[in-house]
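Below is one structure, written out as structure tokens, with a few remarks after it.
Labels A, B, C, D and E are assigned to the chains in the order they are written; within every chain, residues are numbered from 1.
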Amino acid sequence: MIHISLQKILNTAQNLMTLNIELALERGQFATLYGASGAGKTSTLRMLAGLMKPDEGQIIVNDKTWVDTDKGINLPPQQRRVGLVFQDYALFPNMTVRKNLEYALTRRQKPDIVDELMDMIELSELQDRKPGTLSGGQKQRVALARALVQRPDILLLDEPLSALDSKIRIKLQDYLQKVHRQYGLTTILVSHDIPEVFKLSDQVYVLEDGVVARQGSPAEVFGYGQMSGKFRFTGEVLEIRKEEVVYIVTVLIGTNVVKVIAQESEIAGLKVGDQVMVASKAFNPVIQRVGE
Amino acid sequence: MIHISLQKILNTAQNLMTLNIELALERGQFATLYGASGAGKTSTLRMLAGLMKPDEGQIIVNDKTWVDTDKGINLPPQQRRVGLVFQDYALFPNMTVRKNLEYALTRRQKPDIVDELMDMIELSELQDRKPGTLSGGQKQRVALARALVQRPDILLLDEPLSALDSKIRIKLQDYLQKVHRQYGLTTILVSHDIPEVFKLSDQVYVLEDGVVARQGSPAEVFGYGQMSGKFRFTGEVLEIRKEEVVYIVTVLIGTNVVKVIAQESEIAGLKVGDQVMVASKAFNPVIQRVGE
Amino acid sequence: MEWQPLILTFQLALVTTVFLLIIGIPLAWWLAYTNRKTKAVVETLVTMPLVLPPTVLGFYLLVAFSPANAFGSWLDEWLGIRFIFTFEGLVLASIIYSLPFMVQPVQSGLANLPSQLREASYVMGKSGMTTLFKVLLPNIKPSLLTGIVLSFAHTIGEFGVVLMIGGNIPGKTKVASIAIYDEVEALNYSAANMYSIILFAITFLILLSVYLLNGGYFKSAGR
Amino acid sequence: MEWQPLILTFQLALVTTVFLLIIGIPLAWWLAYTNRKTKAVVETLVTMPLVLPPTVLGFYLLVAFSPANAFGSWLDEWLGIRFIFTFEGLVLASIIYSLPFMVQPVQSGLANLPSQLREASYVMGKSGMTTLFKVLLPNIKPSLLTGIVLSFAHTIGEFGVVLMIGGNIPGKTKVASIAIYDEVEALNYSAANMYSIILFAITFLILLSVYLLNGGYFKSAGR
Amino acid sequence: RSGNDAKLTIATSANMRFAIKELVDAFSEQTGIDCEIITGSSGKLMAQIIEGAPYDLFVSADMKYPEALYQRGFTTGTPQTYAYGRLVLWSAAEGIEPDITILTSGQINHIALANPKTAPYGQAAVEVLKHYDIYEKVEQKLVYGESISQTNQFIISGAAEVGFTAKSVVLSSEMADRGAWIAVDENACRPIAQGAVIVKSTGEMKKAEKFYAFLFSEQAKEILEHSGYAKNEYTNR
């Protein structure tokens, strides 16, 4: 079990914001911190990693106290078994991919894990290249592998995939899932991307102005419920066109464009850019693989 | 009309890649460059802006020759009427928001446009703040406004929204659309995000290894066609569960989770993470606004 | 003890630093962004005056600028400028001698700035000059201050070159460093100490305030 | 003309630069990352030796380290080190005098590095030392080279301090700068020119190669 | 650093730079003792001796510095005068015949002399200017070298059209035929008495005493005389 209870006054652009976070994570859980820019997500991760000192609070990880401000305990980052993937990777530009991973080895560790991780995350071909010559997705994989070398108790991921294109993004999500399971990690992810949160996490914590406003499974938090018979899709209105007596509303659902016929009464006040729900009463879906 | 025909040998990590781009844009068009990391999108924009010299080629904008390597013409960036929004904003850290915009004014210009743009893009409240204290979305808006101050002929946007959360992202897409129409711009956007491309662009150019592999409207390029009666959605398999004699496949479509009942034959070879198409034969959708 | 040498010293340091800013900044700018092969040669040349003992450098300057020489007499006749035994000469010599201390920090400051700032300004139609003064320099204040501090301090302590080309004329070229040296040689240790302490105290206060300011900048620049 | 002063000069410059690296790097590291109020004071103190004329600084060092003094005789008796009229003394004096030229560039190099590099290393359990040597320094090579070049060149040209504390003893403290000075004073201009040209040529080649290397690094660092 | 092969270290003022070489050569030939010459300004050398410089003898440009050393107990005895310096007016500029009378003319922009505050030859030069009653008139033209040596650089480079230096300089082999010079009337200033002392507590006392004795020998007097120094305060009195 990981108990986190932190308070910190952050000075944002104009005013002060009190970060006041209470989290209780199961071992092996994949948790996500979700929230608007400036909500305090990165600050929370930094306090977990020991890179920022909380004003008050405790962090207890598997019965070991990392932070207890009352007792004056605040372990330095070196003594916390944490892996951290920074949003901008923070790879060491002077080292090759292999050297970046090897640097993370502790003195007592066997170096086998480096090869194991490079195999798993498909880095072997890149091992002699310097970070400067890698594409964004490749860099990200190296950063992930490097954070895993020490077999951390907790893996912290700060918006690791936000700058990547969808193909690489999906691939890296798969890697994340794989290592999370394989190494029995407790993972805390910061992400803005709802599909990503859905796909990866057991538990979502929504931060708003420094406090956890909601928490639960992705489906609970994002309010779509568990659907079965009836189907509902949320999407965005792209176009509203009048055609004779009805209106044709073009809706973007994910990457799909759907045209819906609607009555004037249904679309009262609706305008382009609005979020809408498209539901059907009778829907017999068939599924079919898309050729890649 | 904007004619672009450029060749440039780029040295990528291991080998050389020849960028060979032919584009013909209508005035007032919103075009998107889409393609994998390293395909040459940024390089194309940089050559348009005059920040990179092509090995060979021409750029003719509204009958004015910006580049003609045969004639030795290569206008410096200062003489091209281009607005460019860099992926990392490139705001001047030493200037306030207002000063950033005012800096862009030409000598002959009336300064009214600064206030006009700040109104339109809702920056007035931020005008006295320095970029360092702004959130990502706010920075992005400033960068966009700054690029518009000079009323450029062509607006170039290099993945301007990729690092933002979805709420801010949608808002900024709206701003983009608004200024594109209002100022009659010709806009070239680099984006990885298919919904964004759908929403914004008239024309998509897909770059692959330095050449335009496909082009057309978003619907044409991404192959979904213009749907009417029949509905199809593409999504990703999240889970496959056997329940008595049938399988329940959980599919993520956009941010929606859908459960589909499938026969064993339908899901042969299907696994978690696969892209699938969910289609229905009879679907009578109703539309409903989502409370914000 | 007289105040004149001290005043002269700070005048010299100030004027020299101002000229070094005027000369050093464009040079640093060119060096930071050029791809020319000559770059390394210019960098080396800028550093070379450091390598000679100041008195010897001073002697070579003396020979070069002497009115007995073609170049020196040309300067005198056509431009009316004399560089030996004049304040102007001290300034020139100090500029040559302290040039690397201005150029090097500014150059590496500029080289470390993200190139997008420059490019963004160019795309907005701004000239190199405007870009340099409005965008680049305001964003490398720590490096600029480092350059200013090193140049200023080095000029205050300069002695050999100044002695050689200046001729130790009271009120004109007798700066504090020479006055102190004089007193030491004349076995007037108490006067020498007095000068040193005052020079030290004033300079200490100047530099301390610069560094206190600088501290603020360094922090904001260091992400 | 003898080769000994030239050899001695490069020995002095080399030893001094090595010591400056050893002392200057930790100092620069502390200055780059500390938030202490004392920071500006230390920065100022490091720069202060520049402010005194070298000969006067040399004189004060001479008095401080003289065995006629409590401190000097303590050093002599307890540590067996003599700093005056010895090579060790030249090294010490040169270190004090050139310290800002090493500290300043390295400090601003470190301050400009993204803090994530340091933090990433700490999170991996690495000590400050390991982080400094394996991660930070290899990524500020241009700044390190600037520091090395300025210190090296400045030590080669150093003259006033060295003359005062070293006393011009052949083979021990008579470095090239003093030899050249001597020849100029003795009106042996041809010998002085000879020394100067050789000193110049060797240093020019050393610095040029450093800058050519540096050019490569600068480019890769300048995004 | 003692023993038979150890060298004798002689600290010498700037004006003696040329004569001392000849003296040392003759001495070494006679006794087989090798010598090391350290040249510098008298004030600097004195400061170094006080702080423990390994110099065996101090051959100064005047009596003041050796006397000061003696007062502080750094020498074996009182300083003795080994020679009297002579001042000359020297010019390396084309078309200038050095003479006291031209100093006030418009032809002359700068007059070089050693710093009168620290160098005896500079002091003597000021006395000369005052003797001819032109000090006030030429004060604006004066430029000061740190020592005789630097004064020489001003003159040779032509930066100063004319200047006062030691006779030993213009008679040296290096400067023979460089420019033109005239001797300054020895009645125009106080004689420049130059003293030498043996520095106490060096390991080379015996050798130092030998050189000291040699410095006052007839042979040395002869060398000094043809180098530009005088045996007596006034040659012609």
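Here, a contact is a pair of C-beta atoms (placed from the backbone, for glycine too) under 8 Å apart; a residue touches a chain by one contact, two chains touch by 3 or more.
All figures in this text were calculated on a predicted structure; none of them were measured in a lab.
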**OP:** Starting at chain B, find the fewest moves between touching chains needed to arrive at chain D.
**Re:** 2
Original post:
Centre-to-centre on C-alpha atoms, which chain is most distant from chain B?
Top reply: E
Original post:
Which chain's mean C-alpha position is the greatest distance from chain C's?
Top reply: A
Subject >> Centroid spacing, where centroids are CA-atom means, of chain C and chain E in whole angstrom >> reply: 36
Subject >> Distance from chain E to chain A - Cα centre to Cα centre, in angstrom >> reply: 85
**OP:** Determine the centre-to-centre distance between chain C and chain D, using the mean Cα coordinates as centres, and give it in whole Å.
**Re:** 19
**OP:** Would you pick out the residues of chain D that each touch at least 2 other chains?
**Re:** 55, 59, 114, 184
Original post:
What are the residue numbers in chain B that touch two or more other chains?
Top reply: none
Original post:
Using the touch rule from the top of the page, what residues of chain E touch 2 or more other chains?
Top reply: 44, 47, 150, 153
**OP:** Can you identify all of the chain pairs that touch?
**Re:** A-B, A-D, B-C, C-D, C-E, D-E
**OP:** Note which residues of chain C are touching chain B in the complex, please.
**Re:** 114, 116-117, 119-127, 134-135, 138-139, 220
**OP:** Please give the residue numbers of chain A that touch chain B in the complex, ascending.
**Re:** 13, 36-38, 129, 133-137, 159, 162-168, 170, 174, 192-195, 198-199, 219, 222, 224, 227-228, 231-236, 238, 249, 251-260, 262, 266-267, 269-270, 273-290, 292
**OP:** Write out the stretch or stretches of chain A touching chain D in their complex.
**Re:** 49-51, 76-80, 82-84, 86, 88, 90, 92-94, 103-104, 106, 132, 146, 149-150
Subject >> Interfacial residue positions of chain C with respect to chain E in the complex >> reply: 55, 59, 62-63, 65-69, 84-85, 163-164, 167-169, 181-182, 184-187
Original post:
Can you list the residues on chain E that touch chain D in the complex?
Top reply: 9, 14, 17-18, 36, 38-40, 44, 47-48, 50-55, 147, 149-150, 152-153, 156, 169, 172, 174-175
